[in-house]
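Labels run A, B and C following the written order; every chain starts at residue 1.
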Amino acid sequence: MQSFIAALLNSLDIALLLFVIAVGLNIIFGVLNVINFAHGALYMLGAYFAYTAMGLLGLSFWVALVVAPLLVAVVAIAIERLMLRMVYDRHITDSLLLTFALLLIIDESVRMIWGPSIHVVDPPALLTGTFSVFGVNYPIYGLFVIAVGIAMMLGLWLLFTRTRLGRIVRAAALDREMAQTLGINVPMVITGVFAFGAWIAAVGGVVAAPMRAIGPAMGEKIIIESFIVVVIGGLGSFPGTLLGALVLGFIHGFGGRFLPEINLVLPYIGMALVLLIKPQGLMGKRASA
Amino acid sequence: MTEPLLSIRDLTKTFGGVHAVDGVSLDVQPRETVALIGPNGAGKTTFYNMISGRMAPTSGSIHYDGDEITGLPPHRISRLGISRSFQITNIFQELSVRQNVEVALTAFHGKALSMLRLASRDREIIDEAYVLLKRLGLEDVAEQRAGVLNYGDKRLLEIAIVLATRPRLVLLDEPTAGMTPEETRHVTHLIRKLADSGDYTFLVTEHDMSVVFGLADRILVMHRGQRLAEGTPEEIRNDPEVKRAYLGEEEEEAAS
Amino acid sequence: MTTRLMIVGVLALVLAALILLPYGVPYFYIFVATEILIMGLFAASFNLVFGYTGMLSFGHAAFFGMGSYTTAMLLLHLQVPLVWTLLAAMLTSMLLAAVIGFFCVRLNEVYFAMLTLAFGMMVFAVAHQWRSVTNGSDGITGFPLTEFGLGLDLQLANPLVYYYVVLVVVVLAAALLYLVTRSPFGLILKAISENPERVSFCGLNERRFRLIAFIVAGLFAGLAGGLFAPFNRVASPDMIHWSQSAEAVLMTILGGSAYFLGPFFGAMVFVLLETWITSYTDHWMLFLGIILALMVMFFRRGILGTVLDRLLRR
């Protein structure tokens, strides 16, 4: 029973972090119609900025949590304005190529600036230690991650369904020309959405930093996971992203504990199964070719 | 009475509560030309999409030459001998005019999987492509990129592609849309000639009434997804329901 | 007509240059030239899927790697003559391409790009973790380069001899691949890249054709990988990593995806650049990314592509 609870909590942990990353990917796709291959790299950048702030500058975790994602958002604005903007009216392949190039650039820049070794940051003092959940001693920080994930989920839901800003973004996503005609500054919305998506990914990176080893391969791993989440859940679907993240989280949480040998390929098997049965994702819209 | 080539029963397509096509039935006899008319939004293109396999019907059935073809994918339906043109010209802009036709011919002659021969050496296909282009008056532009053709010629090319697979049933979706009167006359004359040859059965959608009355053996009038009237051109011309639907549209347009 | 004569003339010159190369350049460049030929084939196989069929795959290295590992393992464990290992490499990569392609071609181009990346990295993970078979991150080394096969007595261990073997194989493979692009099948692929729906309305199951293109491309990538393992003296997971796939993408974009020789030209520029830049820095990937970004933004038709566009006045 204990083992089960631990695996369950671990799954939620992983799932909600994955959700945070994947939802940013989905939001960017929804409005820009681009898959941001560099999304994992932006997550990693958030983690590295946090490491710099905390490990090298001695700032607190909470300061890093505020500052690092903002810095990443600034980087994202520069990327969108200087690079992505050039390929919007071309074939979508060009956007995919460009974000892929960005992935290479950011990945290698990180390696160059911070070196190839792994770094560690400690969780803030407030969140160290363990807490007893149903008889299992679970790290408080892990519970914090779950809480952040839920907060992000609710926050995004409220933002997109209840606020005027959310409505503007959804309008731009649905019909760009129409939105422009209605007086919405669509280019600014696009920049904003890309920066926002990057910001979310960076928040994920900062939050993940005390939990995971910070290394140059972080971005690579998370982007594949995000793709799997989005394929399982369905591109363009908010609840789908949550569902996909939960599925993958549980695969990792329980697979990692009970089936360690094939743990690495389990996510791919899960993805392949979904592709066979429901190619557009469990909750996705039309995606077939 | 011969067996109809195309037999459609109660064909329906709903999109989230809206009936784009609502219980339409139609029989098309071999070698006849049936025109499908109706105001915009009447459901004509959706109707075509279901027959050609682009969309699956919500309910109803389509039989072709005795066999049920409801819900089959487009490539299967094409192989059975049904070809269609599109309202928005659907050609291969980057390929040459001749290559456009060769694509269809390659498919038709079962050579699409031929990987180890040069396409430029296949005289059978190249010659047949020229014959087809000549029939449509496009032989002079055969080597040009399809994208540089004028609008009328592009639509002619589309018809060439349609005919290349030697269909028995041809669905033309507003073939003269956007054409000059000269081009319209040319295309109408062409379709008339093809229809008279007895090799094809035509189902034609049109807005231009002169074209319709010049080509059709029978007319089906659609309105708001439903069959409004069906009959010979004379019958349709005098049908009060049709007049009301069209006149009603005209009055609405005049009022706005 | 004269343009065609000119192109044939240039090709003949290039071929002559390749044949005479070892006698005119420093010894080191034999290795560079061998690598250019192999990478050119790899990039050209990628372009069959990308430039000709319109599908962007970020996992093409999986087939390259599969070819490498197949060759390496056969040489190591069974001492099979090279020619048979190359055939086996083509077979295994073809099968892998069939499996991966089956899942990927059913979805639109956005999903396709994501899925090929994901599946490619899955193969990478397997190669990385399955120590007992693939020797993990160390890769497979120490395989002997004995004979070529077919009764030919060739000293494969001699780089000069190996260069000529690669030259012959790559030229033959390139000719074959070119034939495929100019065949009726190739015409269908070009049509599909532009307007897949129209193709299906002509009576062809365009999804099946895209899968077949993917498989053929995987086959040639496997051949390139099979040639690469003996050259590199190791078959390692790096060859399957997306950074390797990225190289195929960049080489193709560098040279130009619209012309058959574009990827080969791009491979030449790429390998020369890489050789030059890696002598200064370890961070070659950064330059790779920057060059790719710049090419996509400003020089989408590629170097050779832009030149040929001008010459052919498109």
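Methods note: contacts are C-beta pairs under 8 Å (C-beta built on N, C-alpha and C of every residue); 3 or more make two chains touch, one makes a residue touch a chain.
Keep in mind that this is a model prediction, so the values were computed, not measured.
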Per-chain CA centroid nearest to the all-protein CA mean: C
From subunit A, the most remote chain by mean C-alpha position: B
Whole-Å separation of chain centres (CA-atom averages), subunit B against subunit C: 43
Distance between the centres, which are taken as Cα means, of subunit C and subunit A, whole angstrom: 33
Geometric centre distance via CA averages, subunit B-subunit A, whole Å: 48
Residues of subunit C that touch subunit B when the two form their complex: 176, 179-180, 182-188, 190-191, 194-195, 197-206, 209, 212, 216
Touching residues on subunit B, where the partner in the complex is subunit C: 52, 54, 73-75, 78-79, 83-84, 90-95, 99, 102-104, 106-108, 111-120, 122, 125, 161, 164-165
Complex contacts: residues of subunit A adjacent to subunit C: 29, 35, 37, 83, 86-87, 90, 92-94, 96-98, 100-105, 107-109, 111-112, 220, 224, 227-228, 230-231, 235, 264-265, 268, 271-272, 275-276, 279-280, 287-289
Of all residues in subunit C, those that touch subunit A in their complex: 54, 56, 58, 103, 105-115, 117-119, 121-122, 125-126, 129, 196, 207, 210, 242-243, 246, 249, 253, 283, 285-286, 288-290, 292-293, 296-297, 300
